[in-house]
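Before I ask anything, here is the structure I am working with.
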Amino acid sequence: MPQPESSTFRDKLHEIIFEADTPEGKAFDVILLILIAASVLTVMLESIEPLQRQYATLFTVVEWVFTVFFTIEYLLRLYCVLRPMKYATSFFGIIDLLAILPSYLALFLPTAQYFLIIRAFRLIRIFRIFKMAHFINEGDIIIQALRASRAKITVFLTFVSLLVIIIGALMYLIEGGSNEGFSSIPRGVYWSVVTLTTVGYGDITPRTELGQLISAVVMILGYAIIAVPTGIVSAEFVKEYKSGKANTQACRYCGQEGHDHDAIHCKYCGEQLNP
Amino acid sequence: MPQPESSTFRDKLHEIIFEADTPEGKAFDVILLILIAASVLTVMLESIEPLQRQYATLFTVVEWVFTVFFTIEYLLRLYCVLRPMKYATSFFGIIDLLAILPSYLALFLPTAQYFLIIRAFRLIRIFRIFKMAHFINEGDIIIQALRASRAKITVFLTFVSLLVIIIGALMYLIEGGSNEGFSSIPRGVYWSVVTLTTVGYGDITPRTELGQLISAVVMILGYAIIAVPTGIVSAEFVKEYKSGKANTQACRYCGQEGHDHDAIHCKYCGEQLNP
Amino acid sequence: MPQPESSTFRDKLHEIIFEADTPEGKAFDVILLILIAASVLTVMLESIEPLQRQYATLFTVVEWVFTVFFTIEYLLRLYCVLRPMKYATSFFGIIDLLAILPSYLALFLPTAQYFLIIRAFRLIRIFRIFKMAHFINEGDIIIQALRASRAKITVFLTFVSLLVIIIGALMYLIEGGSNEGFSSIPRGVYWSVVTLTTVGYGDITPRTELGQLISAVVMILGYAIIAVPTGIVSAEFVKEYKSGKANTQACRYCGQEGHDHDAIHCKYCGEQLNP
Amino acid sequence: MPQPESSTFRDKLHEIIFEADTPEGKAFDVILLILIAASVLTVMLESIEPLQRQYATLFTVVEWVFTVFFTIEYLLRLYCVLRPMKYATSFFGIIDLLAILPSYLALFLPTAQYFLIIRAFRLIRIFRIFKMAHFINEGDIIIQALRASRAKITVFLTFVSLLVIIIGALMYLIEGGSNEGFSSIPRGVYWSVVTLTTVGYGDITPRTELGQLISAVVMILGYAIIAVPTGIVSAEFVKEYKSGKANTQACRYCGQEGHDHDAIHCKYCGEQLNP
């Protein structure tokens, strides 16, 4: 893919840094992703105390190497993009900034460095490398399905939140006296969230007969409850697939889309569709 | 939205308290919801012993302020509604009453105050404020789907209940002697509910080899079992969407059906559909 | 519903005991169900040691009253049914026998009495009382959906069983040395069943870093795995609903059924279907 | 099924070992499966220390008998197959080799013998015996559905992996100081995998109020998240069924489509469909 003569250094840089369809652009993205993954790993390893004690200086050096590299990369992005403000305020622009800030903040606030883990979000760029469009599209379908079921999920979660408070308070009344796990309503609510979502840590468990009976009822009823969000999202995906099969053609006369597979006439203006 | 001249004070009050489509009505509902949320939070915080010991008087005062406010609100609702008895016996009417009663009962029964948590149910009013109809409709779809699958869910839960009793008794026979967790059949039943619903607290676990083998079989079979309610509800939602999307009207000219909700013209012959 | 003159005592008895559509038949079934539930409850309570120690004689008396009653009922069923052998070898016939046998066996084998819990299965009769056909039909749809997906579920469970053995052995190799929870491959397999089904008791948990890493991978992959049976059963229910809407009419010429809703001609012989 | 005269010993052997449709072939496969199952069981029992100490010699003998038998079987397979290299590099060929190698390796590396558990994979042959085609087909549908949703599942798992790292780091910051369970970010990530997948061991649990609050939010949001893979796979199965049932052929006379798989006549005009 040769560049036209008029391609300036800045255009060239833009293509390497922002696009992934030239060999250089792809190589840049692959190296960047490896560095991001390595820097995330470094932050994770740094948090392990025995390692931190032994290799403190190494970690500091490595982290600053990453930070300097990412800072240069961020500045280059700002330089070669046509509208720097638009990039800086975009989703990836903010993530890119948040990925370097904590290192500088850590000079004043020691714990700030752990926010470097935000770099993990930069890994979303991974979809850019291999058949990007394909994966972005699949991701879109998931987001589409979740967005379409947003109102239903909101109603459902509101109902679950209220249920969880009531059950938590009830269990506090029953178990509170004899079981230090249910020493307050908020702890009871925490327990009922753990139970209803079937996580079931077991750090707080009912001990009285009545408490165990009510827990069993809650769990069995929870069976039906957990089926609701799955049902909503499943139906949304089924629908998505069907409309995905939908005719992509637009009416020649009114330009409207969304016609069924078997449609002969535009359902909005009545004119015949292209065969 | 100016009120007609004939609008009396009582009508005006009704509109503010019961409706949310005037600025005053909306403001009233927002303030009411904040107060309800605050009062629920108060009850929750009050149950935390260290806080209760330190701020006992404050909690009592705050709670009585809420109770007096909600009592006045309840009386005003009774006053401005056209049929007080109908409101008093409606779902929200009963919740509104239950939300103030415990405070008065607590004068005689100290633990009664924790039933104030019932106030949480008043928060359902939240859907009244923003695009109420939209959310109510989505909630209706959920309720519709659950109601349609009620008979199936009942059969399923009856079967699960019997299964859980049999498995509980079997595990009691196997583990009962050596494992204090399975000291009686009811405890075995509690264990099998915890296991089949995949909550898995771990407060009672099998210890014998035979017990662990049977548990493993129960869990793997439980895989298929947990799929049943989800499958039922999913199918119901898929159905719901389809009938929701379906337009039952047939074309006057060619008689074909299956037109979309937003179709103006017949997609088969192009003639206009009945409005 | 008056009986014809020729109705003998045996016919009358048959109707009371086996049917639920006369007032006497319904009353008999309701009383029977209450007695069964009471007897199941008795067995459960009897297994609680403190209660057993205090009310030993009472439990023995109550249990024998139930056993004698159920024995008489079983003999009456054998007497009034036209083909006693067919009833005795039917599903309910075997359950009815198993529900009384343990009491007699317990005269020789003390632990045999706990098998009385099999009586719980007699509670399936509950669907006979209220709108039986309706519930039986819904139960049939569930069984139909599970039967239709039997082959798929078998393949799936076989795959899961093999996976669980391999993961269990792998974890034994990694954790076996330092973690008494993974002291043998069977325990490792038990752990992997507990983990893959998301039950997660926590009685056996990985402790080494490598073990926790592999566990995390197993759990995340388990996400996709748990979706498979649910997907299979959901699709089956969706299909069931659709075919449920299917035309119930049989072709007048070839007698075949299963025609679509919009079918005008029999798809097997080509003759026109009744309008 | 008599063999033609020209059938050599090698052909005959091939039929017995590789096919399952002659009585001898079926008998061979059944015996082989029993031996594989027995050898897998042996490896599992051998890992139980008390048994290993008591029956060490017996286990060694039994294992070598299996190994020698499987080695002969592997060599016979290589001998009677037409293209030995193709078999040796096929899925089953590699599994068959891996199933005997560890025994020989264990002469030098003692722990290598536990890799004999790989023999479990040979049990997949089980589907060869009874109505193989049927089960293979059902397995294909499952694999098809998973493959079709591969891209979506990849996007989903990538998102979950990033989420899990962020939540793990966040919980490390909150709980790290006071809770030895969250002593490093990797442990926090392990905890968030355990929580989001609803496994919930309970070996690491939040103890601070803020940690419990965030956990509760994570679990409730996890509700919607766990619905996504199930929804994806369900929709795929629903689609699979539809395309599986669909007959793509159009009627020669009226041109209508959508005929069932078993349709002989067009359901719209009654004319015969192409065979």
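We just call them A, B, C and D in the order they show up, numbering each chain from 1.
Here is the rule we go by: a contact is a pair of C-beta atoms (placed from the backbone, for glycine too) under 8 Å apart; a residue touches a chain by one contact, two chains touch by 3 or more.
Remember, it's a predicted structure, so these values are computed and weren't measured experimentally.
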item	value
Most widely separated chain from subunit C, with each centre as the mean of CA atoms	A
Which of C-D and B-C has more C-beta pairs touching across its chains	C-D
Centroid spacing, where centroids are CA-atom means, of subunit B and subunit C in whole angstrom	29
Inter-centroid spacing, subunit C versus subunit A (mean Cα positions, whole Å)	41
Shared interface positions of subunit D, touching two or more other chains	186, 189, 198-202, 226, 230, 232, 234, 238
Of subunit A, residues touching subunit B in the complex	151-152, 154-156, 158-159, 162, 165-166, 169, 172-173, 176, 183-186, 189, 195, 198-202, 205, 209, 212-213, 215-216, 219-220, 222-224, 226-228, 230-232, 234-235, 238-239, 258-260, 262-272
Subunit D partner contacts - residues on subunit B that touch it in the complex	198-202, 230, 234, 238
Contact set on subunit A toward subunit D in their complex	40, 43-45, 47-49, 111, 114, 117-118, 120-121, 123-124, 126-127, 134-135, 138-139, 141-142, 145-146, 153, 157, 160-161, 186-187, 189-190, 193-194, 197-203, 226, 229-230, 232-234, 236-238, 240-241
